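Next, two complexes with chain A in common: one pairs it with chain B, the other with chain C.
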Partner chain A sequence: MNKNNTQINSFSLSNDKVSATILLVPALIFCTIFIFIPAIGTIVGSFYSYSLTSMNNWKWVGFGNYVKATQDEYFWVALKNNFIIVFASIVLQVGVGTILAAILDRGIKYGRVIFRTIIFTPMVISSVAVSLIWLIIYDPNVGILNAIVKSIGLSTPSKGWLGDPNISIWMIMITAAWQNTGFMMVLILAGLQGVSKEVYDAAEIDGATGVKAFWYITLPMIRNVLIVAILITTIGAFKVFEFIFVFTQGGPSNATQVLGTYIYLQAFNLLHMGYANALSVILLIIALFLGWLQLKSSRKA
Partner chain B sequence: MSRFKIANIIAYGFVTLFSIYVLMPILVMVLTTFKSKREIFLEPLGIPSQFGISSFEKALTVGLGSFMLNSFIVSFFAVFLIVTISGMAAYVLSRIDFKINKFVYLLVVAGFAIPPAAVLVPLYTMVSNLNLLNSLFGVIMPLTAFGIPFTVILFYAFFLDFPKEVEEAATIDGCTKLQIFFRIIVPLSGPVIASAAIFQTVWIWNEFLLALIMLTSDDFKTLPIGLLKLRGEWTSDWGAIMAGLTIAVIPVLIVFLIFQKYFVRSLAGLGK
Partner chain C sequence: MNFLKFITKKIYLFIFSFFLSFGFITTSYAIDITIWDLSGRNGQDEFYDNLNKEYKKINPDVNIILQTFENEAYKTQIQVALNGNDGPDVFFNWFGEDSARLARAGLALDITPYANVEGGYGNYISEGLSNTTAVNGKIYGVPNTSVSKYFHYDPAFFEANSLAVPKTFDDLLNLCRDIRAIDSSIVPWPLGNSERWKLNHVITMLNQRVVGEENTAADYNLSASEDELFTNPAYVEAWQKVVDLQDAGCFQDAPNATHPDLTRSMFASQISPMIYCGTWCGGIFNGEGFSDFSYFRFPEVVGGAGAATVGFLVPSGMMVSAKTAHPEIAAHVASFMVSDDMALQAAELMGFMPSNPTKIGEMSNPTHWFNFYVNDIADKTGHVNVLDVLLEANVSNAYLDMGTEILNRTKTPQEAMDFIRQVALEAKAAM
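After this line comes the complex of A and B, so read on.
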């Protein structure tokens, strides 16, 4: 009996290894070919100068592309814009999303599902469609934003809502918030619904109700969900592309570039492949750092 | 009591205002579609006096039908591959103690963190060298790869909580891990498969950057890239542009409204 058992075990163990390998290999192959090899290619390519048309004509430049980046004012503008978008997104999307979630969780009795559905809706629309819809709203000739601002007696910006980079970056934020706040709301709402009713009852006995209870009791309890929400928003802010591509193409004179659009410009419009790779490596480092933060926070959770 | 009422009014007021902010652009899109050119210019805030469909006819000339078909093909195959491949890999990671498992999981998390923009040039070069530019296959493959890491994480969490007794019984009956996976695990994983499929469908249907660099011929463009053509073709004919967007957006909204419970559930699970 014992002997038999061992046989089954050792037989199934080797079988397990075969099965496991069969199941695991496709994922590894896909990720290796299309993510990890290109990532290494980006790092290697960042030390060369080459263009799309002269693929075989690589010139070693060492850290030249990185030195170029530090001296490139538009790279710094792009990086600065990414950080503005990170901070504004956290305030607008996670902040407002939390308020909305709190209201839907305990603030109102009727219409919860309807409000949740409406506010979540933009999430399923492609960012290009979202950008094009907002383009007509911001349009200086036919846009309703101009019409509304004029109707309350204010003056509209002379270069239009998207022509002045100091204004257009905020128009990009408003559009991004329009699309993503509902997602944050739903994410945080799921966290809030995990807080048990007893906690609120106990808080009420201690005299904490409404906003006070939310601030001192609920928020600390959903700390982990909030961290995830902030990380998802931050990662999303570094991936921003469509809104800027459609609204301003990074202009006027590169004032609204972000890393994504600037990499695209360098690679596919200016054909500076090596330089685009160096910029990609910088994005890669930021992305991996954020991924590491996420891993750390999810382990704690 | 009155303080309670004021708080209530503020709460309803806030969600109502936010809902108006969300609905207003969609309303503008649909109304502009039916307006005449004159109405679009003179009455941005007005409603159309008649429901003309000439804008729709113009919008359809850019080939929206073919863009949608391409998006459908890409989404179908990529989502199928992502869900299958990720489910298999996540099961191994959650069940079998390989020494390399921890390393593989770290790779998966790293893969999740890397955005397409960070590997754009080598990826483009590779697809170009394989002669796969302007082919749906050439987009499906990298999109599948970029969808896998997140989906593995999603499945991994699900499989960890999966009761192990059934599998143990099957092992005693002599089933291999491969058989257990396909005969026992898959049939019982409906909810997580649905979540993963919904999430990835939304992502791939809307993916822009990779499709933008790889699909330059109209025959192969997916919907997000194709929509840009509306603006190229009908520069300031807002009626035509909005009609095109309406055609592209309304079916997605209808699907969303039907399945909204599952959409919300699939995305809400991310925080856990």
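After this line comes the complex of A and C, so read on.
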């Protein structure tokens, strides 16, 4: 009997393996076609010099494109901007999102759903549409922002909100925060709602209320959710493209260039497809590292 | 059983009708010719509907299918599409370095053999115009229109304030100052450079006026020696003229953050009394309710090497994909677009300055701006192509970037030219 059972078990186990393999095949095929092959193609292409209009004329350059990247002033500007966006997004989106979530969770008694919906709404609008709306707001001639700033007696930037290389990246950040903070708020709110009320009751007995309770109870309890939120924001910040492309196309004077727009510029405008591939590989390595971090922390969470 | 019989009959009927319809599909012989064009042209849909109908009269088996794209997206998508297997048969392009690059890469079809066949483009447009699409003596496109640029101004404002149309560049500077003196809040010449090409068109003309087209030619096509490439000090002087314009108060604050559409609206709503705008602008101003405008050419730069009778002209039209399955028909369709009747329709419906002017006299109620553009283009002694179409991609991008830097005063004219020369040297070395 035992022998038969073992046979049945091993048979069903091998059946399960077959079923699992069959179920995985479609996903593997799609991943291979749309992710693995293009990724390998990009890595291979990064060792060549070619353009979209000279696809039959690939010239081997070895690591030349990577060396070029290290010497390219605008690559470093783009990378620096990506890190600025990461930092600003964490502060604005996760930071403000956490505060809003805390207010909605414990700070107000009525209208939570309404406020939550209002704050979340920008998230469901396409980034391109959001950018176009904010382009009008930032316009130096007819934009409402200029009118507001002037009405309170302040001066507006003479080169425009998006025309001044020193502030344009920050204006784009504000728009990105306006759109994405709601999502972070909902994510963190879900984490907050998982914190037991009894913990707060116990803390209250020990004298921890309000900001103290938020600092010593809430934040440690939602630590893992915050880590996930930070990683999602970081990866989003490295993938950013639409906002920059619609607002400034990387200008003025490459001041708002990020890796995504710089890769596009090199590939499609300047026709350096091999170099664009090398930049994409660098971005891929950064994204893989961040993805690995996210996976690791999600499992912990 | 009856039910089974019923079902079986239905299945037979289905199979029969399926094969019958398949038979119809395979026996009917239709050729689809896909055309890619820019979107947003007035009268475009009507023109292409008519094109399809008219072409069917001479070739009933051909369907012309139009697909349109927004300007900036088109520049990228056409390159990708031509490399793939699902691209257009006929496609729009500006004739300059962009079109030449496609020809050199073998992505555009050499249509020289189709020039003088029956209905070929050689029957409709001049050889000189065809040659604007030539690469190594072969023709790669059929120009169907050209765009030029003029100052458009509000004559009522000029008259009310006793302002004169400027003849020289210095007059233009003084005009800006005079307008600011009338009311400092009036922007004499709104400049929307957020997409970088607006100032590029201005510097195209300033280079021509100051440096002269004979002196720019070797630099523009990168054939000048390394020691000489973009070293002519007149290039710096041309950039300095942009600074002078800004100092004279011609432009509004923040031109790099202003969209070109907005500046057109500023002129059309008579907030600003003049604008440097293309031959496509007359229809836009009219559409926004302002048609009592007039025009003047880009003024002469006294002491400059370029003649004031030379103008800005970018020929554009159709090219044929090298991968089209029907090269002969595709070339014929592109040619048919410039046939006498279709050229007339393009002018009437889309406001094109037609490359084939045979029937231009038959236009019903041509607008005053159309008449001006057509006559003035014909009167000019020469033309210059715009830098962002003409120059090698990297040099073109450098010129676009430096325009932004000059307006922001983050680079001096000399620094701008040093940067452009460096990029040009690298581009030349990579050739």
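By our rule, the second predicted complex is superposed on the first by the 283 of 301 C-alpha atoms of A that agree within 3 Å, B and C clash if a C-alpha of one lies under 4 Å from a C-alpha of the other, contacts with A are read in each partner's own complex, and residues count from 1 in each chain.
The rule is short, and it goes like this: a contact is a pair of C-beta atoms (placed from the backbone, for glycine too) under 8 Å apart; a residue touches a chain by one contact, two chains touch by 3 or more.
Remember, it's a predicted structure, so these values are computed and weren't measured experimentally.
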Considering only touches as defined above, state whether A:142 meets chain B (first), chain C (second), both or neither. both
With the two structures laid over each other on chain A, which partner does A:163 touch: chain B (first), chain C (second), both, or neither? second
Looking at A:268, would you say it contacts chain B, chain C, both, or neither? Reply first, second, both or neither. both
Once chain A of both complexes is superposed, is A:244 in touch with chain B (first), chain C (second), both, or neither? neither
So, does A:36 touch the first partner chain B, the second partner chain C, both, or neither? first
For A:231, is the partner it touches chain B (first), chain C (second), both, or none of the two (neither)? neither
Look at A:252 in the shared chain and tell me whether it touches chain B only, chain C only, both, or neither; answer first, second, both or neither. second
Check the residue A:78 against both partner chains and state whether it touches chain B (first), chain C (second), both, or neither. neither
Of chain B and chain C, which one touches more residues of chain A? B
Have a look at where A:101 lands relative to chain B and chain C in the superposition and call it first, second, both or neither. neither
Which residues form the common part of the chain A surface touched by chain B and by chain C? 55, 135, 139, 141-142, 268
Okay, in this complex, where on chain B does chain A touch? 7-8, 11-12, 14-15, 18-19, 21-26, 28-29, 32, 40-41, 44-45, 81, 85-86, 88-89, 91-93, 96, 98, 104, 106-115, 117-126, 141-142, 144-146, 148-149, 152, 171, 174, 176-178, 181, 202, 205-206, 208-209, 213, 223-225, 227-228, 230-231, 236, 238, 241-242, 245, 248-249, 252-253, 255-257, 260, 263-264, 267-272
Name, in rising order, each residue of chain A that touches chain B in their complex. 8, 12, 15-16, 18-20, 22-24, 26-28, 30-31, 33-39, 41-42, 45, 55, 96, 99-100, 103-104, 107-108, 115-130, 132-137, 139, 141-144, 146-148, 151, 178, 181-183, 186-191, 210, 224-225, 228-229, 232, 235, 238-239, 241-242, 245-246, 259-260, 263-264, 267-268, 273, 276-277, 280-281, 283-284, 287-288, 290-292, 294-295
Chain C contact footprint on chain A (complex, rising order): 52-56, 135, 138-142, 157-165, 248-249, 251-254, 265, 268-271
State the interface residues of chain C toward chain A in the complex, per the touch definition above. 75-76, 79-80, 82-83, 101-102, 104-107, 194-196, 252-259, 262, 266, 393-394, 397, 401, 404-405, 408, 410
